[in-house]
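Each of the next two complexes has chain A plus one other chain: chain B in the first, chain C in the second.
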Partner chain A sequence: MAIELKKVTKVVGIDTHIHETSIKLEEGHFNILLGTTLSGKTTLLRLMAGLEQPTSGEIWFKGENVTGIPVQKRKVAMVYQQFINYPNFTVYDNIASPLKVVRRSRREIDKRVHQVAELLQITPMLKRMPNELSGGQQQRTALARALIKGSDLVLLDEPLANLDYKLREEFREELPKLFQDSGATIVYATTEPAEALLLSGYTATLHEGSVTQYGPTSSVYRTPKDLLSARVFSDPPINTAAISKRGDSFHYNETVSWKARGRYATLPDGPYTIGFRPHYITLKPNNTASISVKGEVVVTEISGSESVIHMRVGKDTWVSLSHGIHPLKRGDTVELFLQADHCFYFDENEQLI
Partner chain B sequence: MKNLKWLVPTLYILFLMLPIYWLVSMSFKTTNEILGAFSLWPQEFTLDNYITIFTDPTWYNGYFNSLTYVAMNTLLSVSVALPAAYAFSRYRFLGDKHLFFWLLTNRMAPPAVFALPFFQLYSAVGLFDTTLAVALAHCLFNIPLAVWILEGFMSGIPKELDETAYVDGYSFWRFFIRIFIPTIAAGIGVVMFFTFMFSWVELLLAKTLTSVAAKPIAATMTRTASTAGYELGLLAAAGTLTIIPGAFVIWFVRHHIAKGFALGRV
Partner chain C sequence: MIDKTTNQRAWFLVLPVVVLVAFNALIPLMTVVNYSVQETFGNNVFFFEGVRWFEQILHSERFHASLLRQLTFTGIILLIEVPLGVAIALTMPKKGPWVSVCLVLMALPLLIPWNVVGAMWNIFALPDIGLLGQMINGMGFDYNFTQQPLAAWFTTILMDVWHWTSLVVLLAYAGLSSIPDAYYQAARIDGASAWSVFRYIQLPKMKRVLTIAILLRFMDSFMIYTEPFVLTGGGPGNTTTFLSIDLVKIALGQFDLGPAAAMSLIYFLIILVLSWIFYTLMMRNEEQ
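On to the complex of A and B.
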């Protein structure tokens, strides 16, 4: 493995930033740290980089314990959300700086800089100063500087968050290709579930300083280990409902019930929680096993070809995502169809059944 | 009305320039002419006043002394304030905010308050009548100001810049000298301007802490009578020359100052 955290914690003053975490990241792949702000993504990255030292636990890098080794001595690269470049250096010198520090020959530096600049399409800007560039070009420069080092570990802290929508799409496509050949392990922090799905690779979901789940991105998305991981990895947010099982059926609010099927049929009676993503509760029934639920519209957001309906059902507030344009008004009563097959069932401890 | 737009600014500038013009005009007159009839410009144009200043060591040493302690003070203030301001902007430590504010309180007392303790102290340790004494005394006022201004500039630079440099392999000092100082060059320009101005203009401490060997020009210039009687032309010439370094410094840092007003804490 490229990098492994062993029982790492980070406490600053009275705040615990990272609860005891053990995680082994997949070597040579995109590893995505997914979580809201303050969930500890940046702290984890900083611990991996060596910019901060863990309060307890160990960090292993390529089979070596690197806990306590200063960042200068580790072969890592890092790119921040803000476009960080040395403002007094030209783009060329910015990209060359990691090689200049280790005193490579001028010929080699020149060759590498042009190679990397070509890859990131900033060759025409090499002679300019960073503050004369657009945001996207500044971030390209920062990425070039991370790439030229040939680090085994590249840490990207929400690198696209400050870019506009179009550029973000462009980068998302480009990023995996950029690092593919380098064989480096990439750790990519983001707040957006959609970004994690697009970049694929492996994902760790984070919540309040703990890693709740880690695995291949699509499997974390499809089978969240617990309700928390499901919540982190869902946008718009996942809907939840408290249900109970009596006999061979599930009951919700005493008005809605459906038959327990497959492996759920054998569950003991008692309270459960279901979670379902917004696109599994729609205005039109979807083939089989659609459960009809009535609710009151709170807000409707229409985006081109899709309608997001926020509605109140009993004491729960759910979000529904349907195709087509459905201009519903606040207070309207709607009938929605929930696909029971696509529900996650959680037990009392919010673990997936 | 439209054609008179220029009138008010012109009057204002005339009003401002009048004393300077009068000083310069006096410096080219003989003392007799100054004391005699009223004249708008020199009737008997003379360079004698300037020649005296550039040839008489009691005069030109005054400039030399002043420039020496001003340069020493500026250098000292900047080099001490740079690491201090960096610490205040980058690290949290016990009482950092109080300490930072306390620095500024040093400027709240008039320099006169410190004249006596400095005089006694420097006499005791044999620093009296040296340019170093004045340079050190001025540090008491200039370092707090320098730290305060530089901290503002440094806090405008994201901490991530430091970290990126460390990740790239820079040691702290290499980063500080090669990247950080050039990045806050405008701030350093502003600080040099302010420390220079304070030290160049300050008279009381400079006068109290020196007698003969390190006498500043401002002290030489303000004695109105000498053994030769009134030397008003000479004093005017000295005054004119004293304006020049200040004007020169302002010209030199004018871009930095403008940037400084936009960016930092000035």
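On to the complex of A and C.
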């Protein structure tokens, strides 16, 4: 086990930043902390780094209790959203700085700096100052500094948030490869569900200071434990509807009903909630299990080859992601097809059934 | 070739600025230039003298002495105020209710008119009735700034430090608050000492504002007049007669308009050249 939080809480003044959290991150893998701003991602990272001490609970690192050990005595590296480099050091000296602090020989430093610079493709910039570099190159320098340290724990706090779209894509592909051979445990905080899916590895979904679910990224995405985790891990947001079960079918708004199949057939009668991602409710029926629902268009956003349609169905507002360009106007009535077998069914406590 | 329509009326748009600059800078400056190359015996009768006044001033021991005094004074107050200002800025709270309290307290000396500062310190430092004067004498030192050159210098410098360190503090504080917290975290993760954080993060990040602070303090202290004039009147003897006090003595005391005008221009050029040198030196590293 690389890093484990045991019943950790963090309270600052009257604000609880982290509710009691226990989580054991996978060693040597990419671990993603996914959540909106203020969901506690950064606080968790800072707790793991030792930049902050938990109000209660313990932090274990490699089978050792490291709670209370100051950050400089732990072997951690951190990369931030802002591009943090020493402003009056050259790129070379910036990358070399972690090794200089621990007084390695000059020849070793030189060798390692060139290796890491090669890996990050910044060898031609070694003699420049950070403020002469582009944002992407500055972040590469910061990443090189984290990498050269050979830390067992690397914390990345939304490292791509300040980069433009193209660079983000480039980095997303490159990052997992970069740290693959280091054997380090990576913790990567992000607000973007799509980023988590692309980086794969393991994901922890965060909501208002609590970890709602943790597991392999694809399984967290495919089987969210509860409605909250599903909400955190969905962009555009997941659609929800309050339904009820009577006999062998589910009813929505008294106008729509469908048969309960498989394991849902045996559920007792009563109220439930369903959640479904926007691409499972479309303008064209996708399979035989499609349920037809009528809605009123609120707004349509058209991107390249897809249409995002926001519409009102009863008192709910849903989002549909349909292929093709559908220039629908506000107030239009549309018929939508919901794929019942791609719905998540939640009980009264919003737990997945 | 593209046909360019020229419209000479555009000059009218610049006219207000030209008039303004002419009246507040060019015309007064040219008057001084005018005086600096002529001799007058009153009745608006002028004789052309060429560079005689300039030669006279540049060879005058009195000017050399004032200039030396001025350079010493400016050097001392820069050496005290800049490090002290940075040190105070570093100890000021970064957030919380005390920030505004500290800022207001710091800004207070800057809000007091210069002649009031002089008068205040004059009374404050009087050896017989002043709080400071009494205190220093009470500690066993013989202190009387109206008679001892050293005491006069000490009081003048203390007054200037009291009056102007705040400016450096405020500028340095602004520079410090613009450093994102992530820098400090990164430094902690690297295991950097407090000195390294200051040397490699805070100082480089404060460089621009400190350059401005040093320039402002240099120019202001080089032109200092009101405060020492009220405090010591340039005395005892001539020991605190700085350039501008000397200049006023020549121009209005002795009514030597020609030499005074020449001295003004030399004085002006010294400030201009020194400021330029300062600025270029401090900005040169930035570009490297």
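Throughout what follows, the second predicted complex is superposed on the first by the 353 of 353 C-alpha atoms of A that agree within 3 Å, B and C clash if a C-alpha of one lies under 4 Å from a C-alpha of the other, contacts with A are read in each partner's own complex, and residues count from 1 in each chain.
Definition applied: a residue touches a chain if its C-beta (ideal position, glycine included) is under 8 Å from a C-beta of that chain, and two chains touch if they have at least 3 such contacts.
Small disclaimer: the values here were computed from a predicted structure and weren't measured.
Aligning the two structures on chain A places chain B and chain C in a clash. By the touch criterion defined above, A:Phe171 reaches neither chain B nor chain C.
In the superposition on chain A, A:Trp60 makes contact with neither chain B nor chain C. In the superposition on chain A, A:Val71 contacts both chain B and chain C.
Shared-chain residue A:Tyr264: touches no atom of chain B or chain C. Within chain A, the residues touching chain B in one complex and chain C in the other are 49, 51, 70-72, 76-78, 80, 82, 84, 86-89, 97-98, 101.
Across the interface of their complex, chain A is touched by residues 180, 182-183, 185-186, 188-192, 200-201, 204-205, 288 of chain C. The touching residues of chain A, when paired with chain B in their complex, are 49, 51, 70-72, 76-78, 80, 82, 84, 86-89, 97-98, 101-102, 142, 145, 149.
Chain B meets chain A in the complex at residues 158, 160-161, 163-171, 174, 179, 182-183, 185.
Interface of chain A with chain C (complex): residues 46, 49, 51, 70-72, 76-78, 80-82, 84, 86-89, 97-98, 101, 129.
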